[in-house]
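Okay, handing you the structure first.
When the chains are written out, they are named A, B and C in that same order, and each has its own residue count from 1.
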Amino acid sequence: MNEKVYNIDDLQNINVDGEKYIILQIGPSHPGSGHMRIKVWLDGDIIVKVDPDIGFVHRTSEWLSERREWIKAVPIVERIMLPDTVHANLAYVLTVEKLLGIEPPPRAQYLRSLVAEINRITSHLYGIGIFGIFLGSSTVYMWAFGDREPFIDLMEMLTGARITTSYIIPGGVRWDLPNGFKERAETVLQYMERRLKDYEDIWVKNPVVQARTINVGTLKKEDAIALGVVGPNLRASGVYYDTRKHQPYAAYSNIDFEVPTMKNGDSYDRLLIRVEEIKQSIRMIRQILKDIPEGKIVADQIYNQLNPVMKKNYEEKKRVMFPAFMIHMRPPAGEAAAKVEAGRGEIFFYIKSTGDKYPYRFRWVTPSFRNLPYFTHVAVGHRLADLPTIYGSIDYFPPEADR
Amino acid sequence: MGIIPIPLIIWLIEDLLYLIIFPGLVTILVIVIVIIWLERKIAAKVQMRFGPLWVSKKIGGALQSLADLLRYSFQEVIIPEKADKLAFILAPGLMFAFATIALIFIPVGPYYSVLFPSYYTILFSLALIIITPIFAITVGWASDNKFSFIGALREGFLLISYEVPFLLSVVSMIIIFRTYDYISAVQSQLSFLPGIILNPLAALTMLIVMIRTTGRFPFDITEADSELVLGLYTEYSALFFGVGMATPYVELYNFSLIFSLLFLGGWWPFTLNVMNPIYGLILPGIIVVIKAFIVMAILVFLRAVYPRYRLDQAVRSGWSYVLLLSVLSVILSVGEVVFLR
Amino acid sequence: MNIKDELSKISTNVVIEEKKANYKIVVDDLSKLIDIANSLKNLGFDHVVSVTGIDYPDKIEVVWHVSSYSVDNLKGINLALSVAVKKPEPIKQSDPQGNIYIKRPPVTVPSLVSVWPSGIFNEREAFEMFGIIFEGHPDLRYLMLPEDFYETWPMRKDFTYQRAKVFIE
């Protein structure tokens, strides 16, 4: 075995003269790094090279999921993507459903889209807030985190939990729409529409924000495609790609929505596109609540597995309790892949089943992991003060990238 | 052994009174504590929060800053092994000391004559204020930390790019008032017009420089926490950190006093020119301090509105717009002096 | 453009299960891998979504999932490009303390970073987790795992972990 092929942390391996440059270790305990280390080579104030050292919050979700029953992977993947739990849950369940061959009923599809869009708004607000504190604006940070609350309350009303909802199960969802949800949702959406104007006044149109973000961290369309970045960042670079449009899942093929794209691909565009997507999500939630069809919220295959007590519970409380099938689930052998457009981008699941009670290979890729090239490719040539701008604008979330 | 002359005692006590109570150290302490509290409270109001409320809930958490100060006093002092220990310990103290000493030369009333009655108070106070950032650079250098070092470099860059506009804006006021003394500057304002009307350009320059020098947003560049942890004070702890953190507020107080003396008409509308401690110092002093406090409150409010600029943007605007503004203010002053008088 | 025809032009061994969204090209010969990857890229598959290994008792399957951002009718397809490599026999070794442990040598496949630069971090992860050395990777270092996982390849099925020793000062 050739020892020179790789090295654990071969810091001398990098073709940058260490004498000439300041090597700055930003993180892992640094207010501007998150749970990661960003190693920066500085020529004066200019970044020469960036080496993101991730893995500080690597939680071995793949390893754990391969050694557990299928349904137990739901809370594991949720806890990796904390601001974006519903999408992680949904992506995993979609993959398992492909293996099982179950198709959820239309009402469940709509409920999935509903909770996913609510979650997308919270995720974008989280991203805007973190971007705010990275640029030094504590106001936007507090506002965004405060305005997440109404949506989290909506999620709690619908699913029974604020963040880690575990709402989506193979074949459907666990709870039906509660009474009074539509009215509550309408007030929250109106509140958010009012607040978006405030955000524009103090944040989006702030001259300091524009000075800090315009033409900073520009990723051109071709480079964005070649580097394989995902989600709002990709669309900010002008690529028209959204998994909700191109690989429709849940109810997205029936919902009318636009995929906003920007032209320049700089940090300011990445900020704007999140605001636009919040507007689109508000529009989608209104549509879903208007169009949601009546019917069962789980597929018949699951419903037939319920015992009489559970069925009574289902009829009375509109709640699906777990049938024993869930824990003894053995999807037939084969492999399946699924993609979901989460708030930060595209989650990819690839699961190989051998017909066993555990998954044989459980592979998933999170959006933040695929946005890593922003550090290595985009930050180079900018000033040190631009690193937090780029970091905040791509909405990078280290626990999500480490999985 | 004779009778101790009573007037001497009164004279001594008066001087001590000025030094310690008003407008001396106690006032600085109170002002710093209140302004820190106010800053947090204003930001909290904008940000849909309560702000400090744990300590002294009944008066809105006003004692929170005092509690913080006590906490700093009793914390363990940690000095990094590779730090330049003498400079590490001395620099924050000297920084604070010079910021405080500058206050001696800033009168708050016509009867102000503490230790150095002088016709050159403007020059003395400017000299002492300009010394302070040099110790900030020392602080950054002494810590032997890359983040502190970068913070010190940024402080140096900003220092040289904003010092010239600052001095020019004061010079333009000196040209108008034809004096180097605050008291006569105020008196010439009382007899004519306040400085902000006489030369608004200089007032604007002064405000920008105040924001920059005291590290308020959007010029919070040397302590940018998402880039430099805490900039200069990354390695500092305990009382040294507390002193370092309080210094910008003392500077802010100095600048605000200078601003209200040079531009806001000093103790206007109190124009009674009586030379005794009550009417010559306490009452006009309170008016000046209130004016300064309003200026401070406006400046700390900026925290809730603006994020921070980048270093190169700040330096560029310092050498272009702000310098231009200050040069124009000097030209305006010269013009006024030539054509109006 | 019929995706099935296009893919079968590139390789003879194509598996397509529409229902599971499973499109797969199985490459038999390692030397053909880069050619096939290049022709896929010319077809319009422009980025790598995931690179991973699958550990079997006798072999390791390396899977590149590719997709397209630029060609409209390929945007809905997750194509898997899979190649299997035989695992070398494990080697028994003893450390200076006399403990015998089993060293599992890595396998080698060509890196596709030259074709798809987006796979750079994915390939680093597959390398540290499965012991797959990607030949031609510009920066093949450990990405997430700390030093004490050196050459343990934790995602392989025969990986056993030891309880961490507790240090008390």
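Everything that follows uses one rule, which is that a residue touches a chain if its C-beta (ideal position, glycine included) is under 8 Å from a C-beta of that chain, and two chains touch if they have at least 3 such contacts.
These figures come from a predicted structure and were not determined experimentally.
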Note to self: Treat touching chains as neighbours: how many steps, at the fewest, connect chain B to chain C?
What the structure shows: 2
Next item on the list: Look at the interfaces A-C and A-B and say which one is made up of more C-beta pairs in contact.
Entry: A-C
Next item on the list: Give the identifier of the chain nearest to the protein's overall CA centre, each chain being represented by its own CA mean.
Entry: A
Notebook entry, point to check: Once you find the CA centre of chain B and the CA centre of chain C, what distance in Å lies between them?
Noted result: 62
Margin query: How many angstrom lie between the centres of chain A and chain C, each centre taken as the mean Cα position?
Written below: 24
Next item on the list: Compute the distance, rounded to whole Å, between the mean C-alpha positions of chain A and chain B.
Entry: 46
Note to self: Under the stated contact criterion, what part of chain C meets chain A in this complex?
What the structure shows: 17, 19-22, 24, 46-50, 52, 54-55, 63, 65, 69-70, 75-76, 78, 80, 105-106, 116-122, 127, 129, 133, 135, 140-147, 150, 154-155
Next item on the list: Can you check the complex and tell me which residues of chain A touch chain C?
Entry: 1, 5-10, 13, 54-55, 58, 60, 62-63, 98-99, 101, 224-228, 234, 239, 241, 246-247, 334-339, 346, 348, 350, 352, 360-361, 363-365, 369-370, 372-373, 402
Notebook entry, point to check: Contact residues on chain A for chain B in the complex?
Noted result: 22, 24, 30-32, 45, 132-140, 142-143, 146, 202, 206, 208-209, 211-212, 383-388, 392
Item checked: chain B residues touching chain A - in the complex, by the definition given at the top -> 43, 46-49, 146-147, 150, 217-218, 220-221, 224-227, 229, 303-313
